[in-house]
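Here the chain labels run A, B, C, D and E in written order, and each chain numbers its own residues starting at 1.
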Amino acid sequence: MYQLLDYSPQNFVRTLPDAEPGFPAIHGSEIVRWTQLQQPIAADWLRAAVDFWQFHPHITTDLLDTAARANFEEYPEQIYVDLHVLTAPNVEHLSFEQVGLVMHAQGVVSLHAGSVFDGVAERIETSRGLIRGKGPDYLFIRLIEAVLKPYEHYFDQLEGELDDLESEVVHRPSQRMVVKILKVKRQLSLMRRHVSPLRDVVGSLEASAHPLIKRENRPYVRDVRGKVQAIYERLDAQRSLIESLESIYLSSVNQRTNEVVRILTVFSAVFMPLTFIVGVYGMNFEWMPELSLPWAYPAVWVVMVLTAGAMIWWMRQKKFW
Amino acid sequence: MYQLLDYSPQNFVRTLPDAEPGFPAIHGSEIVRWTQLQQPIAADWLRAAVDFWQFHPHITTDLLDTAARANFEEYPEQIYVDLHVLTAPNVEHLSFEQVGLVMHAQGVVSLHAGSVFDGVAERIETSRGLIRGKGPDYLFIRLIEAVLKPYEHYFDQLEGELDDLESEVVHRPSQRMVVKILKVKRQLSLMRRHVSPLRDVVGSLEASAHPLIKRENRPYVRDVRGKVQAIYERLDAQRSLIESLESIYLSSVNQRTNEVVRILTVFSAVFMPLTFIVGVYGMNFEWMPELSLPWAYPAVWVVMVLTAGAMIWWMRQKKFW
Amino acid sequence: MYQLLDYSPQNFVRTLPDAEPGFPAIHGSEIVRWTQLQQPIAADWLRAAVDFWQFHPHITTDLLDTAARANFEEYPEQIYVDLHVLTAPNVEHLSFEQVGLVMHAQGVVSLHAGSVFDGVAERIETSRGLIRGKGPDYLFIRLIEAVLKPYEHYFDQLEGELDDLESEVVHRPSQRMVVKILKVKRQLSLMRRHVSPLRDVVGSLEASAHPLIKRENRPYVRDVRGKVQAIYERLDAQRSLIESLESIYLSSVNQRTNEVVRILTVFSAVFMPLTFIVGVYGMNFEWMPELSLPWAYPAVWVVMVLTAGAMIWWMRQKKFW
Amino acid sequence: MYQLLDYSPQNFVRTLPDAEPGFPAIHGSEIVRWTQLQQPIAADWLRAAVDFWQFHPHITTDLLDTAARANFEEYPEQIYVDLHVLTAPNVEHLSFEQVGLVMHAQGVVSLHAGSVFDGVAERIETSRGLIRGKGPDYLFIRLIEAVLKPYEHYFDQLEGELDDLESEVVHRPSQRMVVKILKVKRQLSLMRRHVSPLRDVVGSLEASAHPLIKRENRPYVRDVRGKVQAIYERLDAQRSLIESLESIYLSSVNQRTNEVVRILTVFSAVFMPLTFIVGVYGMNFEWMPELSLPWAYPAVWVVMVLTAGAMIWWMRQKKFW
Amino acid sequence: MYQLLDYSPQNFVRTLPDAEPGFPAIHGSEIVRWTQLQQPIAADWLRAAVDFWQFHPHITTDLLDTAARANFEEYPEQIYVDLHVLTAPNVEHLSFEQVGLVMHAQGVVSLHAGSVFDGVAERIETSRGLIRGKGPDYLFIRLIEAVLKPYEHYFDQLEGELDDLESEVVHRPSQRMVVKILKVKRQLSLMRRHVSPLRDVVGSLEASAHPLIKRENRPYVRDVRGKVQAIYERLDAQRSLIESLESIYLSSVNQRTNEVVRILTVFSAVFMPLTFIVGVYGMNFEWMPELSLPWAYPAVWVVMVLTAGAMIWWMRQKKFW
């Protein structure tokens, strides 16, 4: 399915498709047309669009190759970008979808799935912001910016998760944490594989001197570039935080072992001498003069209490607990 | 052995070699010729090819130096690339073979072993895709792309392996894992040593402005470049995953030690005081009034049960298990 | 609220705002005007400023987007920078605020919160240093430099904190340290996310050949650039120090465990043989000739002392304590 | 000592030095002269060579400064490189020596110690390969290539050593390994300090457009560059392998501790309850009815066997061994 | 205090200052003048120098800002560098001082503390080396080189220290080492913060095409650049060595724990069964037929010896010691 949004500062027309592949002509040089092709799309509709706008054949190939890395192509009459949008920005499971954008002199053709561009469409319809008064390049920049939103949302969510994870690692370390940490690391690694081409694409767009992007709108490109850069830096920061949590978990485990061993040592140091002493007077030698002394038993108790006390005092000294 | 594939949009001719080294002339300017030289090849055949196409003598040297690093050379009339193809993309043992490709105005000469280019040959023969309608530069790009396939296949396989390894490390850590992790790390290190020159070569090809690669086919070069980049990023991602597994294994071992020590401490803390108590009443002093009290024995049992209970309660408190 | 500082080598006039948004004209070509807009500012005041100075509309958008990354924009008639100033440079909690600076031919417009620029204002009023004799570019550079001060102050403070933390980790390692280390790491990570765009901005400013920055004042830009670089290097140095502390903490914990286990082993090695010996003579066999020997009891003591001595000597040998 | 090798495709003349410093003239424009100056060389001989060929005075300074970093200098009439050759490529102890090469229009002057260039001299004498038919630039490239050989040999040897070390770390970890690992790491660090300038030098040579290196021989420079690159990548790969071995050694030690502690815990868990039980019936209370029951003793044995069995079953459950 | 060294190949004049700030004129175009300003210097002397040589005012500012990062400035008539010299190159405590050098057409002005340039002054006075025959650029290069000497000296010393530390870590690991390692790491981190700007400065000098540095002396600049690079690489090498020592220390500690635990386990495994056995025959059951058998006592000894032997044999098997 597709729809066309034709707009100018004064007008806004939404056209729904005919049964047959084909596109109405644009009336008026001020009109900007946003052609929305929604995935899944029939191949003949796609081809109709490519023919109508006379795109380079490579664009068709690339739009259909959903496994391709995000990329950026300049043609004399078009700018083509291919981006990955994060469709399920929940922390449990990440999924990505391909979004293709082609800017030409009279508008933008977008090929996408889901509702990532609904916000921009609504701004056009309700004429909020600058968008109705600007050309196709501004629309193009806003659409790229819309692709970044779910990434920002994901990192906001992840920040909260990591705060929780941090306090768990510090206060209640358990083996379950390792699984969580590993999951987050894999997600961040996957994110990096999607954000890094995104950064390349937006960087190429910023560096490009293509005449379709007017000089006055270039600062907006730089804003988008700054946003991608900020996403990348958050990714790095969270990656380094998760690595810290990993190493903190390791020292927590070792610290716990240390505490447990200390308790073991305290018990051993106190009870081993005592058990030895009582063992001595459990021997059955005929000649053991101590055994017949009436005060020997209390004396042994005194010795044992002193021994235990000395041990405890010594281990206190050593900061055993 | 060698074979020649001469094709144009309408024609396709496969020529098998004569007994004598030598090549038939190309008839028709539209014909693209793909000269397949299959390893192992007799040196005189190779020399015949180099003479026939009037290649720079360095190409011969380089084609014969099987230990050379992948490289890219531009000559006025040819583009030469030398790549390493992954021949046994199973995870157990990696092996690589050298592939040489020389593009000239009328076709491509390939020197290779194995069946890495069979898919492309078949596409030409059955006239699938765009390949028959395009010139030698498109063939050249497709052949380079074919070299990347086994790498992608390897990483797909490895991804599965690492998933298994991950769940093993988390749930059943054992020393055997260390050997596996080390093996994967060595493979990834070896892969990097082969993928990194590949990336350099494709990067040089993309940056090159050689007239043999027509402007209209440059987007396909960029696609190949994107694929190599994606392979490189997967390599990095898997390397960082395997390093995570390594550090998780270490914390798992320490965590297990911690658990074992905790059990040891529980036993010691419960039984050391009890053993001491029973030792006390095993002493043979003559004057031990408790011994003759009839309720002393049950009383000692009560004391011991209380002691054990206190110990267990205290260690529960401390979250020992 | 806003105020205007108009100055030349001889004059200094401070103008407070009217009730209505609007700016008086500048009288005299030598006058440099610093327009201070203090956050929070009413949007119409901001718009009045942008209109009065005929700024590019993007500057308004960017000044109002407080979440934006620090950035640098050159326009034909203005240079715009957007920086983050550290407002609470105490080590407990970091907070940042956005500062916007626009330099034009006749002065600088600053949009800021807090008192970060008070020092510069005072230098102008009291005519200290070179500032009154130099143009708007020099003022612009000094304002950017003023933004760096709180960062330097923060790192001075942190250096002291890390010295304390270091001596604690080395002499009194405890789990509490892990929390501190993690806190510092997070702060440094946050700092990096703010300092890194700052470095980009100042780097762009240094690289820029905008005519508004006079050749004679370029060395001062390079000084500022050197200061940002030095801040960045301190950040790196402290990050690497905190990572050292982390790994030292881990070895301290393991070292402590080692000591505790050594004590445990000493006790076990001394008392286990003794307890065994006394156990032997506590057996009730009828035929145990040793039991009736009068010198057997002292002999057992001698044996036990020798055993204990041998154990202690052997463990001394092994450097157990 | 020195010797001169004058050669052309047809001729080869070896000249030994006179007693006096001095060089015979070159007869014939096709002749390429390789002036071999063997270290240790008298300073006047070196000066004679520099005078004869009219070198820049800095070359003399640099040739005599044996501690200098490898470097590359272009002069209008000469190309000068200064390299470090690995003279004792055994894994026990590395030693390096300086090699200076100056290429000029009629040949190459080499200053070196040892036999690093003997292979090239032999190829010239026996007219193997292309060397006799090519100019001084080809000789120059081959001499630089000869310097790389011992590095490649070293890494081949080290690869074998690391394989052995790996299997030792995995199967028989011992503290001795740490010393070996450290030794290899230091060697690799030293190697990096020598290979890294080498790479810079060869990189500068490749990037240079000096007319002395003819266009047709540039591919051979790129080959040498590829070889240095490959050496560098092997260095990195081996460095990362040795770091893996280090971390594997650490987990092996911890794993071994884990096993030992498990055994300790098994013994304690089995024998502590038993020792407690026998202790109970070793008490001397007058009223202990169990003691007089005839079946009590076997019953205690049954209880003890059941207890031990329960403990063992429980620990089996917990995968203690 | 200051002094002037005026020299040419034939002449050398040392001038000490008048009481009043001021400088004598230079007589003769061949004369090179080295103006040495020794810290601490009165501000009016410094200003007199800057006036006499007509320096850019920024040089004064920068010379007085002792906390500034090393930097490099080109002016049409001067080259200015600001470096940090290591004044106390002992390994215990590092201290740095600022050195300013300004080269102009007729000489060099240096502002420094301590005796870092004494060697160069002596070479001029005694006319050793090339220095008297070369211009101010050569002097300038030699002075920068003199600044590097103490760094090299420091790393020589540190190398010795690290060798000692290494053998200590391997053979006698103790907690004291951690403090030493941390100290060295902090020093290296501090060094990096000083060497890194030094490298930038010398790199800028090498890249500069300022006419004051004559073409024939550029190779000497490259030599200095190579030396800084070598210092940087040594810094990196030592940093990576100290990190190795850190991780070796950690495995040493764990290895020691392992050994201690092994001994503990051996004692427990041998004596726990024996103590149990003797406990059994210490029970007071009336019906214990073994007790009255005359050979029971020796039999128990035999059983105990066999048990102990079996345990020892089994643990030998397991390579416990």
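The criterion applied here is as follows: contacts are C-beta pairs under 8 Å (C-beta built on N, C-alpha and C of every residue); 3 or more make two chains touch, one makes a residue touch a chain.
Note that this is a predicted model, so its numbers are computed, not measured.
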| Labels of chains that are neighbours to chain D and to chain E | none
| What are the chains that chain C and chain D both touch? | E
| said: So the centre of each chain is just the mean of its C-alpha atoms; given that, what is the distance between chain A and chain C in Å? | reply: 25
| query | Distance-wise, how many Å sit between the C-alpha centres of chain B and chain C, to the nearest whole number? | reply | 40
| query | Among the residues of chain E, which are close enough to touch at least two other chains? | reply | 247, 250, 254, 257, 261, 264, 268, 272, 275, 279, 282-284, 288
| task | Counting only chain pairs that touch, give me the topology of the graph as line, ring, star, complete or other. | result | ring
| Traversal of the chain ring from chain C via chain E | C, E, D, B, A
| said: Residue numbers of chain B touching chain A in their complex, please. | reply: 166, 170, 216, 219-220, 222-223, 226-227, 229-230, 233-234, 237, 240-241, 244-245, 247-248, 250-252, 254-255, 257-258, 261-262, 264-265, 268-269, 272-273, 275-276, 279-280, 282-288, 318, 320
| request: Note which residues of chain C are touching chain A in the complex, please. | output: 56, 58, 62, 65, 68-69, 71, 73, 175, 178-179, 181-182, 185-186, 189-190, 192-193, 196-197, 246-247, 249-250, 253-254, 256-257, 260-261, 263-264, 267-268, 271-272, 274-275, 278-279, 281-284, 288, 290-297, 300
